[in-house]
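One chain, chain A, links the two complexes that follow: it is found with chain B in the first and with chain C in the second.
This part shows the complex of A and B:
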């Protein structure tokens, strides 16, 4: 009797182990590293929001069928606390201890580059939405033995975004002004990202015939009135608030009170936020989002996406749209895994991503990675009618075919 | 010329908020002997509370009073529960205050969210005087700051409480032997300084949006103002705030704009090298015993 009991217990233990093994086989570990605290939290939370939504939708649809197995996405989310050292530690843990197959993040160029030095040697795929990665993604870096072979830039190259944005802004504002605009001032935060992004945008505006002055402000500035007064003295036709949506939302109302310019462009400010804050100007104001506006999108897929995204509890902020730099790539990665037929062949997955396309939410035309692992899609620019907070006219501008003169395209 | 005068007007209103936080720090640091690095977060909490109350329909000026009282109460709790145990070890208090500042930032993110908050301009008027745009709310901020400075100055220099307080700073043991309840006075100063931070936060959100991280930026300027003027010296905080405001405004207008923060900090370093006691002189700050 005792032997029979022992046998039954062993059989039960064996069955439990077998079930556990089967369950473990069906888990696809994916890492997410993003700022959930610290000063980049408003951008970082959007990555987590997009990852949660994508994972939930993939799993609810039955998971990813790879070969004869079905995998459920298991997210391992790590808060980088807006600290590069914490980011590196999190990447090491996810890659070495947990063994994730891919990592989404981070929101910051420098951090993403640091992560790539860990993900690259471990052959872990990395999807980062930093347009500034264009400065390092070149032939050598993305080659099979290159340190960025497994890294993908999920945002268009900056000269493309800058080109389409400049064109969109000028085409919307020119009919609104008494004479065609000639003089633009680009107002941007003086940090690494601001310097990189504005260098391309200035060239893009110059290519459109603008005389451009660049005024940089110290990061974390809250009172912009002295700098705006200086800009007022330059008598610009358009002031372009570039790069940081939060800073722009602080500076723009101050500019209106000082009557700095006859027209404005607000980069990274969503029409939804403009409306929620009941902002109003007696002059024409344009705005664009990274990458697509949640407050006024021409695409029904985008509207549906944001309904679901906010439905999961994500906060509505100027940077909520950044989540769309990450969402589509979960499905594209899943599609590549299904095609390759195994999850442990990252080289084959990279090759599949480079030769495939994916029709996602962020773009009405399918996304394609170029040879430097970068995508291309259009930019949406909106204009709000003067003295209203909710009357928007939007246009979608395609990126230029080549970088403007003086822009090396990095 | 219009642009120059505009820059001077801008500088005055910037200086007002800085003066307000500088006074709070100079009192708590210079007179109570507590290095509270979370003072900036107290200001942020005052601003967030104002945003919440105004959003709920309360008049801004009523919300300003409540924000001051709320942060005063927060100061009371912090002093009684935390800082009173570090009075003889200021460095412990300093480190504790850094921890408190992070806790307050993330408590606000948890209660609200991480995005910046703003309110509609409570007055909404812009006066154009001789080609210079003067925002009415900025003028009100300057006026409220002037009233608070006057009350604080006379309270410290002329009242019985202020004299006892200064005596406590000068010689704590003798003051205690003379029957001055020094501990209670320290608590009082901490509450008053915190109350000013709450009002400063309310005034700040009437001019600029704030985020949960606003405090960590403004605290540096607050300490700079109190050191430039002289620790514990209310008049010094006013002078320090005006100096920083003018340097900020004029350097942004006529210098390299991206170096705006550096100009004012260079001025602070120069003053502290040439006059370590601050422009108007003050206490030596907290002493370990």
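This part shows the complex of A and C:
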């Protein structure tokens, strides 16, 4: 009798263990490579912040149901220390040692391109925000045997963003100036991203009837006064501080002191930061966010997102809104996995992402990848009233239908 | 293992009346207090070779192996810098730009003419050597800190030219290349094969450095380093030898640059700017430019220190600064000299102990 009892108890324990194993959640390993230290930290932190929030929400909601299994997202976050060699080492580790199914990051063009040379052959999906990837995402690169077949650009094409930004800036500033603006100076950092972005933005401004001069400053410049004095001599109607919110926040006060122009545009500076730093100008100032501002959210769901994002401890920075470029794609990727029904078929997941759409936070219109693995969504542009730090007027500008003359779209 | 160690006795403090040629001989002699025995040198070389060859089999993971590759190609570049600084006494803080010349030459040949790794390698190395010689021309007129400033200017100018070079240099975005052309049965897309490729190049660099250091040419370079006027007075063509060593250094840098290019498969100007150059100078000083394994030690320290101690870039720079100060104050010959001093002290202690015991017995 005692033996029978013992046997029953053991059988029950075995059954319980078997049931537990059957119900146990499996892990879906996803990598994040971003600068958590070094000069790109402010951009890198947005990737980590977005990934943590998305993973937490997916897991809290029960995980991802793929086939007859449920997967919980397991993040493997690696700091690239703003160093391409560490980025490569981290990518090798995540792809080869850990076996992640997808990687989010990085924050800069060079790193993302080098990383794609590792993720591509390993058939690991890569979601990078860099719009400069547009320069390499072509028919050949994204073909089934192309080196960027598994890479997706989660930021819109640059000619689209430049077009919507130029239109938004001019429509907000024109009523504020004595005469319609005719002459713009684009002031930009002379690095990979700056060169790429400004090449499109100059064309977009020209398409809006502006005479445009381009002035580049060396990366890591801190004293902008010589170049700004030169710009003042050009007598521009608008100075566009284009790309790199951190540099812009250094250069803009110097421009105000020198009285360089009757109006300004600050790319990538969020109204929230403008307000927090109590910046003030006696001339109209516009600013844009990539893609929507956390300091002046146009949609309730965006506000909710940023409340949660900052609630997890993310820093409020000029580039915090960039986190949205990485957040929605977790859910879109999860949706594609559920549809495909297995996590080990990257080709099917790529095909599913290309034929599906996703309505998330970043855009009120569902996101769709084009044939070059790029998305389309609008840009928010805001204007702060002169002599105030918190009186904003914002507009969401839709991208143009086609690239402007002289812009090949790539 | 000292390649040449003159740290113990420098500056011609020779007895009065000694002829110039003899003074020169004194200066360029291996002044190490206790020269390492040939057996120790051989055992060190074998152990190091075995360790490096076995590394991919130790199961340390792809991350470790990736950083090891970075360390090795950096060390190859450092061996060039070690030759020009350690042997000839010509310091440069623009050496990354010289690596960049090789890398960009190879990338441009690949993009414009379809050259692969093996076909572009000799051209890239040759161009780096020529550029190394051209930058070296000012050394015929100026030296010391003046030449250092010139190399720094070259580095800055090189980055500006690349950044504004249009589609030819890929501007700030840079250039992309494919994989290393496979050899029969060896696909270099496999990380361990890539590692062995870089390791083979390192062995070549090590061997060349050893041979140069122990040749008549090496002794001539050391003579120039110790007293240029004296070397000139005994008939050494100082100008030719200076340019020669800078060209040899350029060859090493070109090789390192091409290996870096095909490891990353994407290059941009920022890789060859002021900071990478300063790091190279730091590494060679930390490791010890005059020691055969000094550059390798320096590359290991700088590449692995942040990894081992999980330092962010700011902490790393502080750590490097502290290390450099400590090395300057305590180990003027670098960590390589320190290791050798420890060996000599241990050996001396053991011999003394052995002798005393025997005596008492």
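We adopt the following convention: the second predicted complex is superposed on the first by the 385 of 410 C-alpha atoms of A that agree within 3 Å, B and C clash if a C-alpha of one lies under 4 Å from a C-alpha of the other, contacts with A are read in each partner's own complex, and residues count from 1 in each chain.
Operating definition for what follows: a contact is a pair of C-beta atoms (placed from the backbone, for glycine too) under 8 Å apart; a residue touches a chain by one contact, two chains touch by 3 or more.
Predicted model, so just to flag it, every value in this text is computed and none were measured.
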item	value
Partners on chain A (chain B, chain C) - clash or fit	clash
Which of chain B and chain C A:190 touches, first, second, both or neither	both
Touched partner set for A:110, first chain B, second chain C, both or neither	second
Partner chain in contact with A:392 - chain B first, chain C second, else both or neither	neither
Chain B versus chain C as contact partner of A:233, first or second or both or neither	first
Which superposed partner A:121 touches (first chain B, second chain C, both, neither)	second
First, second, both or neither for A:97, with chain B first and chain C second	second
Which of chain B and chain C A:37 touches, first, second, both or neither	both
Which of chain B and chain C A:277 touches, first, second, both or neither	first
Contacts of A:79 with chain B and chain C, given as first, second, both or neither	second
Clash-bearing segment of chain B relative to chain C, given 22-30, 94-102 or 112-120	94-102
Overlap of chain C and chain B interfaces on chain A (superposed complexes)	37, 39, 190
Chain B to chain A touching residues, read off their complex	3, 6-7, 10-11, 13-14, 106, 109, 113-116, 118, 120-121, 126, 133, 135, 204, 207-211, 213-214, 217, 248-254, 257-261
In the complex with chain B, residue positions of chain A that touch it	37, 39, 41-42, 45, 190, 215-218, 220-223, 225-227, 229-230, 232-233, 246, 249-250, 253-254, 257-259, 277-278, 315, 317-318
Sites on chain A touched by chain C in the complex	36-39, 79, 81-86, 88-90, 92-93, 95-97, 109-110, 113-114, 117, 121, 132, 135-136, 190-196, 219
Chain A-facing residues of chain C, complex	61-67, 70, 163-164, 171-174, 176, 189, 191, 263-266, 268, 270-271, 303, 306, 312-314, 316
